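One structure is given below, encoded as structure tokens.
Here the chain labels run A, B, C, D and E in written order, and each chain numbers its own residues starting at 1.
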């Protein structure tokens, strides 16, 4: 962490960058929040630890409008989002100074809570294969790092940065799961089971829009659900269908653009596994139109703005049962 | 490969040789004809009327029996093949016949034309392959000029039979060639021999067969080959050319003729 | 809806102006009947159909939605139906994933010359929807009278 | 509407209106010279509901069901099915069978295949 | 708030017999915003239209719904009417209660209910309609004619004479087409080459005409007035500028075993060849599939003998790109394949030939030097039988359901010419009907019978039976005589059905022009716009549109030329105003819409945007309305809903959905 702060200070002092986009301590150890740091002094609040899951790419949309360069710290998975935003002309690569930071997997406080470890005061940042020591009001507790990790880190796309100016810190591979296992499990259910599953998950939605606000692909200046273009503007839902509609359309709008960064599920206060929508599209796209990773390269043409003349017919949905 | 086999009544009797040669040849070619346990006569002619159900049932039973065994159904006699194939087409595509036949039969699962009906010649062409057949020939019929006689039943109506080009068929010629003989192409090879009419209108049938045999002889055929006992019977009446079953020629070429009967 | 009356589904058919709408016109001028349950909305091209339209139809009580366009390769705008094909494939797959009966959505390519196909398609789609019954999964029950 | 004409159309599944009167059926028929009513006329007899003449015709028993007319008809009319249906209408009436078992023995010879007998019974009797 | 008028048409009894039009009017008056509703027997009539005018004036209508036939039929009519009475034409919507309702339903209550719902949907849409203004686009003053037969040549000459540039693209090595293969033409019996060759020369010499032979259209983009076309000029291997057309190369070419396409494969040609003596350009091409040099690398005879040094084995296909304002499709026809007609023994006997093959046999430049002889043994035929309608008027998949139209006349011509030149030869024609509508046509046919003694037999042929002695036995029927005939013949000629050239699908797809079930190109209107395709700027000439003879083809070619001239005479065209439009305030500038636009109509600009007081430079999409054709692909790609389609906006379509699902 200190290396990051030192480097940020140096760049700020040299005037090479006008500000730093990073993570700031919160009230609790786990609620780290994204923040701009305008001076070396402000960097005293900078943190980089297991709770720095937040993907800072999206904040670069605003940063790109500001004078001077912005230093941004991006984890490997965040760089896919940055590339996708570059492809869509939403961020400016020229005004970004990207420090690729190493990542050893990020933590989910709920997973620690679930182990009966409460009132967490601090936590270490060991490698994923190791034991995580958690400081609590009741003394140090131990938990396997893997058990405390976010779902997305178990299916990590890899620890290689897709774009950067320099790299700092080591990464540890955390991938030990099958990215599409959960989707496949649902696909194998009967229609009744599927319906019941999503009904129970989506009925939890309170339309707080956290998923939308955090999503680097959901970067519209004004969301269709807030405009009158589709007569769809509303905050409070009058009927239950609208949650479904919102989440289907949101997933559809980001289909082919979603990098599977998993922020939607991370921030959902109701714990809805929202990434299952996006992954379903990714799985279908991969199997029907060839493997596709949004943000792997800049200016690539996404699967929904592309076609092959021998694409599968929509009836394939019925045929494969 | 094992096929369900439907010999038909004539092959049990006047045309035993057609049947016996077929079985011997199948063995020599490495496939098995497994005779259906209980089969009834197909009726000899396909009942054309859309309201004739009962007369189609013997065929449906045979087709369903093959379906139960999960086998394709093979016939050697042109007439049996014709009737089975057309009834099968009805069962697959004509809703009214399908419903009424199934209502009558009371099968556990209704029969809907699932069985594939094959003529022995189709097995040779599409499953064994004439090139492969050629390799198995031990005594080629070299030098023999043989006219293929198709008649009507194998070919027409072509949309249902889908056996060969109804006006310019080649399967028997290819077959003759595979046996080492020379096929004689003559224009009357798909004309009718008179069929069942020969029972009451003997002269009419004979005059038709005369046309056929004259034409074949004109193109220098030495004998005719057929798959149908009735065709053979009628053609023999005109007496101008010897007529043999295709299975007999095949048995001869494969060297299994002796002992087949 | 009482149980003893015959179920009359609400079916929305989006038809592209150049092929399928003309195909529907041909079905009409050839007097090829299909159930009145089908109501056609004219769009310039199958690629004009936003998934939002389809979801909205279901939201408002449609029991089935069908999209008809020019055959792939024959699009009046060259490529529109290719995009529509991908969009609808993914959308239908998602609806299937959510447990919605996948027979409620369909895409069919109908040319201007295929009046017969149009009528046959609509007949078979209506039959399918009737067999599936009213759409309870995607409609909102509280919304219905 | 003539009931027998309707019956013939129903049994045969033939729509006589499809005929364009080209005569290809009659040009193809091997029994043409034996027939009093010719294959292309089957269609018009049914269409004109002249069923009495048609059912009295000897053509009913001259048609071989060889299907040459059906195969070659450019309009898919199937005259061969039509005449077979007319024959059905006749032989389904009591006493109208064209072949009686009594006459069979003298028609047989040593080589007669079963198939011939079966076929003839099917074609000539109810 | 709109003030909407609803007009329900009876269409005589077409609608009113099945839809209770009064009830629809009554229901319309209950709809929000509907201030006027009425029914009328024929809304499209002058009187019907003026009722719309009266209602606009008296009720101050701002929007109109006409419940009538398909908008494809009369939308334009009612829009024009609205405009005439002072309303923006795009404030009119049609509810299709004829094709989509009254014609397909029998039950009155059911049809009336559906008509009401369709009316409601249209009313709901009109509420959201906005006045639209048509834009303008430039016209490229150059035309492309695809196909260099008589249709293409005539169209090109007519356009060129009017002062516009025309390019002809012909896929074979020479222009001339089918007509160049014909011997004589009916009903005047002029020599085909004698009347065609001057036209070919005229086209070649015309200063406004450019001919690309041995070339094919590869790609078409753009729209009416502004097409961009890629043309593949296939490598001739002969330098067109150096070649003098002396013909020595063809004489000396050692590879002479390729079936001669021009003679329908009845004889062979060399690997380097011009299809016929009067070819334009008179420059040979090398058939690289037959050429020994190309197959083995050894030969080069033609290069050695060419004094002009025109042979160039290194030539490559060349793709040229040209811009056109209009495209005429004149790709012609071929005879159908006869492999499904085994009963006629075509392919079994060399003496059974098609009529087009007979043209070559009769032609002095043909394989028999114009002597009528059997192709099997070279003997003069004494009995010839013609069989009509081979593959025409067939409802099965062996042939074509249509009448090929030209066969009756050319058969009469052939019969007459044979009887004239070879009086000892008997000619018999088996026919179903003799169809001779046309000026001097029936007289011509009667002459064949009365003056030349051609034996016409009403009836068909069942089978052609090759005999062991090499003759043919024709088994037919004489329906008038009630006799089956067995006729011995030396030669049988089949009047084979014609069909559009098989490349039709490819070309139709490139042009986004529709084709019918028989692969003929569809007209914009079968009666009133017979030479235009439904795709603006694409016109039809010749048999590509339907079977026709030479005079009809030439007449249609001229008509197509007039339509092209009418288009090219305009400097600017009014464009469809139903184009995409981007809301700058909502646009993310993400470029996704540009990726799917088939017309390249979307570009991006950085603009100073005032978004509710926030002023900032933003990258936003801009639609070029002259290029946009209004497909709407972009609108669905746009996640924010910034991109919308005028006339078919998101809210309009949703309003229709809501009205239907209500």
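To be clear about the criterion, contacts are C-beta pairs under 8 Å (C-beta built on N, C-alpha and C of every residue); 3 or more make two chains touch, one makes a residue touch a chain.
In this text, all values refer to a predicted model and were calculated from it rather than measured experimentally.
Asker: Moving only to chains each one touches, count the minimum steps from subunit A until you reach subunit D.
Answerer: The distance in steps between these two chains is 2.
Asker: With a step meaning a move to a chain it touches, how many steps does the shortest path from subunit B to subunit E take?
Answerer: Minimum number of steps from subunit B to subunit E: 1.
Asker: State the pair with the higher C-beta contact count; candidates are D-E and C-E.
Answerer: Top pair by contacting C-beta pairs is C-E.
Asker: Can you name the chain that lies farthest from subunit E, using the mean of each chain's Cα atoms as its centre?
Answerer: Following the centroid criterion, the farthest chain would be A.
Asker: Using CA atom averages as chain centres, what separation in Å is found between subunit C and subunit E?
Answerer: It comes to 31 Å between the two C-alpha centres.
Asker: Using Cα averages as centroids, what's the distance between subunit C and subunit D in whole Å?
Answerer: Result: the chain centres lie 48 Å from each other.
Asker: So what's the Cα centroid distance for subunit A and subunit E, whole Å?
Answerer: Chain centres of subunit A and subunit E, defined by C-alpha means, are spaced 54 Å apart.
Asker: Using CA atom averages as chain centres, what separation in Å is found between subunit A and subunit C?
Answerer: Going by mean C-alpha positions, subunit A sits 36 Å from subunit C.
Asker: Can you list the residues of subunit D that touch 2 or more other chains?
Answerer: Correct list: 68.
Asker: Which parts of subunit E, given as residue numbers and ranges, touch two or more other chains?
Answerer: Residues 343, 463, 596, 637, 650, 654 of subunit E touch two or more partner chains.
Asker: Can you list the subunit C residues in contact with two or more other chains?
Answerer: 50-52, 56, 73, 79, 83, 87
Asker: For this structure, give each pair of chains that are touching.
Answerer: Listed in label order, the chain pairs in contact are A-C, A-E, B-D, B-E, C-E, D-E.
Asker: So in the complex, which bits of subunit C are touching subunit E?
Answerer: 10, 12, 17-19, 21-22, 24-25, 27-29, 31-34, 36, 39-45, 47-53, 56-57, 60-62, 73-80, 83, 87, 111-113, 119
Asker: Which of the residues in subunit E end up touching subunit B in this complex?
Answerer: Going through subunit E, the ones touching subunit B are 340-343, 345, 347-348, 463, 465-469, 473.
Asker: Name, in rising order, each residue of subunit E that touches subunit D in their complex.
Answerer: 343, 389, 393-396, 398-399, 432, 458-463, 475-477, 479, 482, 484
Asker: For subunit C, which residues are in contact with subunit A within the complex?
Answerer: 50-52, 55-56, 58-59, 72-73, 79, 82-83, 85-103, 105-107, 137-140, 142-143
Asker: Can you list the residues on subunit E that touch subunit A in the complex?
Answerer: These residues of subunit E touch subunit A: 583, 585-592, 595-596, 604, 611, 616, 619, 637, 639-642, 644, 650-651, 654.
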